[in-house]
Amino acid sequence: MNTQDKEPDDKIKLNKVGITDLKTLIKIKRDEKEYWHTPKVSIFIDLPENKKGIHMSRLIECITESLEEEIEEEHYSLENLGKNILKKVRSKHSYQKGEISFVSELPIIKKTPKSKKRTVELHEVFVKVIHDGTWKKVLRVEVIGNTLCPHALEFSGKTHIQRAKGTLEIECEFEKDITLEEMIDIVEESFSSEVYTLLKSEDEAHVIETMHKNPRFVEDVTRRILERSKKFGCRARAECISYESIHRHNVYSEGEI
Amino acid sequence: MNTQDKEPDDKIKLNKVGITDLKTLIKIKRDEKEYWHTPKVSIFIDLPENKKGIHMSRLIECITESLEEEIEEEHYSLENLGKNILKKVRSKHSYQKGEISFVSELPIIKKTPKSKKRTVELHEVFVKVIHDGTWKKVLRVEVIGNTLCPHALEFSGKTHIQRAKGTLEIECEFEKDITLEEMIDIVEESFSSEVYTLLKSEDEAHVIETMHKNPRFVEDVTRRILERSKKFGCRARAECISYESIHRHNVYSEGEI
Amino acid sequence: MNTQDKEPDDKIKLNKVGITDLKTLIKIKRDEKEYWHTPKVSIFIDLPENKKGIHMSRLIECITESLEEEIEEEHYSLENLGKNILKKVRSKHSYQKGEISFVSELPIIKKTPKSKKRTVELHEVFVKVIHDGTWKKVLRVEVIGNTLCPHALEFSGKTHIQRAKGTLEIECEFEKDITLEEMIDIVEESFSSEVYTLLKSEDEAHVIETMHKNPRFVEDVTRRILERSKKFGCRARAECISYESIHRHNVYSEGEI
Amino acid sequence: MNTQDKEPDDKIKLNKVGITDLKTLIKIKRDEKEYWHTPKVSIFIDLPENKKGIHMSRLIECITESLEEEIEEEHYSLENLGKNILKKVRSKHSYQKGEISFVSELPIIKKTPKSKKRTVELHEVFVKVIHDGTWKKVLRVEVIGNTLCPHALEFSGKTHIQRAKGTLEIECEFEKDITLEEMIDIVEESFSSEVYTLLKSEDEAHVIETMHKNPRFVEDVTRRILERSKKFGCRARAECISYESIHRHNVYSEGEI
């Protein structure tokens, strides 16, 4: 009898047992384009009270086997790959609830606002697939932007500006059709202005002008993200953190619909 | 009319608005001993749908005023200080729900197991006070230890050993009498062995012996923490993460009672 | 014969062998005031090519013994404590070059610029003591401030502002009388404006006004730090990193005198 | 006249001015294989004492233009791409010394030791190209492994084992033919044992056996890396940090040849 299958000393059910911070290489193919990810992967299953441990190597084997097959069976999204891995786990290890998540980055290619040059922007993304009878997913994007303080502008005519980070997290049934790109768009357009990796002088002037036309608190950014996420018709959580230029600390806002 | 008190564009209630990553200096006096903390402080209140923003500077003022008073009115715990700050906030800013948290470190002085030398061990602690009509608190400790794999020991006679981190988080009514020190004790004794900053050769031999007598999976550590936390009679969550010596990734276990 | 004293397989001298990321509790007493630190300590010595290893536990013992003595023999600075520890190491373990460093935080209490309220500001500090025949020290401070872009201001009348971090590092003989507080002052006054934890509306207006009167590139901040450090008459290195509000990336400048 | 080209207030030459933490997407094609990187890029040039600032957007433009061209002009290594970017910078911005660096990850596909299954291992890599008249490069790899303490094994028959990280950094003329893969190999084989993402029970037994046959201090690992790097005939620096399973702190060793 495997050590894992023995009775544990303390008979308590565990919610999540598995692997975290596993780095691997993943190729996603969608709409004729290839996306390479080197995500941090976590995979967990629950453990009943009468088993000492789970079989960790089976979880990893399911990940590595799913990735080998990728040459044949193309994965068109991280969600889709995650579901395939969990299905394979199910065939090798019993569980009541399983989940797998990927922390990665998504490149978006766009044009600078005035000089119309090509610029590549990378955004942090998080994708989780949950299986507990039904299939669900959690999608999250973290996007850099800025806030220009409306209170100081009103109070003193001048103001302070700073980098901010906006987060949108959606939880929904697996089949719901929502892309990370749409979610990034929503967050980007909720700041005082979008930011760009490349900015020629005329672009920079445009970004500064845009910020001044859209003074926003972190509260405004959070609410705008939520408002624009209503169209998805599912549970959404938004955050904005602002790395204040006049303080050592950060200001923060969170809400959900 | 202050900008903050105006109507927002998007009328959505926000759960948490405030300050995060504020570093400050705090003196706690308990049982004739002084504890100095330089914690990261976060403080949040909710915001109704018809107000554009909260008054951030009032939150900070409540923190700085409470700390000035400390010379007179001694704070005997981070919880107690947190409650005093939230009470002050309540008198300056309306809210339905307020919360304040401190991330800090707690030094424990103990003796090495055999040579009986003095050694100082620092542990990460987290204290949150929540006020929404009633007063609640969340206490969390993160403690370093180790795991020695029972499966490999059975399977091959030899085994692998690694550093691990155990977490215990308790959520309870504010008045409940639980100390961070007790919680640290529970986690430390749940590993294959406790670890020490100072170990002379005889101490090191003792720690190694103890590890070999107590082979533990992360699942075992998590369950032992939970089992020993039952005495508190409140909601407890435990985690163990093991920085595997035979893998690049970590293994993880989580449960709650 | 101890394993450490045996011949190694590969006979190569090593520059630095020791302990890193050791957290401990330190009390410094200076000018009747007590400063509590919970620093990260690193301590290294060199190792000749014919010894397999150093005796790690002796290094730790020297740290713990020096800290026990602190009740009697007061340490009036981290440098002074570091020197005492290295002297003790020297008496227990031969070395050609030894060094010890502390990463900690220093609280500075000051008044807000207009409302004159008390505010506590914490700064990251780094202190290293080096012993290789002579005694030297390295002092470093990392201070938060901001930059307001002079180019955008000239080019478009409006501009962007962001949080920035300035660093000053001094390397000099041990006896040189330089305080971390003086160094923090130099960096703070080199930004477009100082920042504060607490800012009432009139203070905030003052900080914003100050930023607009002092547009600065990261290059300007770095040079101002260096210019003002010339008075110390020793090797100084300065850095400024700016967390741009119009970009995802940071801009950086470094120089030395 | 551009603000950047004006005289600065403090006339001090700066060594490094530029961009840091820029994330982008890079495709490298070598030996018919494609490697996708999403590195953190830093690029710096020096600034003479009589110019107020550098033209930051030109640096970024050189990066984005070089990456657009990649479809035509294939980049076969990060070094080669770095050199192309610096050449382009040279044509748009004068400098005495320029440097560009990439922090990324390299996937290595290998077989598990006994079950011979496919496993993908990711390693942190760092590539810097320096141009100051001549062209030089710095290559660095950071590899996870483990140490098994030889002293405890001798002293008490049992021992402690833990995860460790080994670093090898090579500095040489640009044309020198050294691959990151070779460097990773050198570090991996210097530990008590290699580690693997996937390990079936028989593989795990093999890794444990290998560790026990190769007890190593961090000093041993560092020296072995250096010894095996002598074949490159250039400056090499090695580090090993061990995340001790019996302590809260880490032990560290560094040397160079």
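A, B, C and D are the chain letters, set down in written order, and residue numbers restart from 1 in every chain.
The criterion applied here is as follows: a residue touches a chain if its C-beta (ideal position, glycine included) is under 8 Å from a C-beta of that chain, and two chains touch if they have at least 3 such contacts.
Remember, predicted model here, so these are calculated numbers, not experimental data.
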Note: of the two pairs A-B and A-C, more contacts are counted for A-B
Chain located farthest away, centre of chain C as origin (C-alpha) | A
Measure off the straight-line distance from the CA centroid of chain A to the CA centroid of chain C, and report it in whole Å.
-> 35
Find the geometric centre of each of chain A and chain B from their Cα atoms only, then give the gap between the two centres in Å, rounded to an integer.
-> 26
Chain C, residues touching no fewer than two other chains | 22-23, 122, 151, 155, 197, 199, 201, 204, 248-249
Complex contacts: residues of chain B adjacent to chain A | 2-4, 8-23, 42, 44, 47, 52-54, 56, 150-151, 154-155, 217-220, 222-224, 226-227, 241, 248-257
Using the touch definition up top, name the residues of chain B that touch chain D in the complex.
-> 121-122, 144, 146, 152, 155-156, 158-163, 193, 195-197, 199, 201, 204-205, 207-209, 211-212, 243-249
Interfacial residue positions of chain B with respect to chain C in the complex = 22-25, 36, 38, 57, 60-61, 64, 67-68, 105, 107, 117-120, 122, 197-201, 204
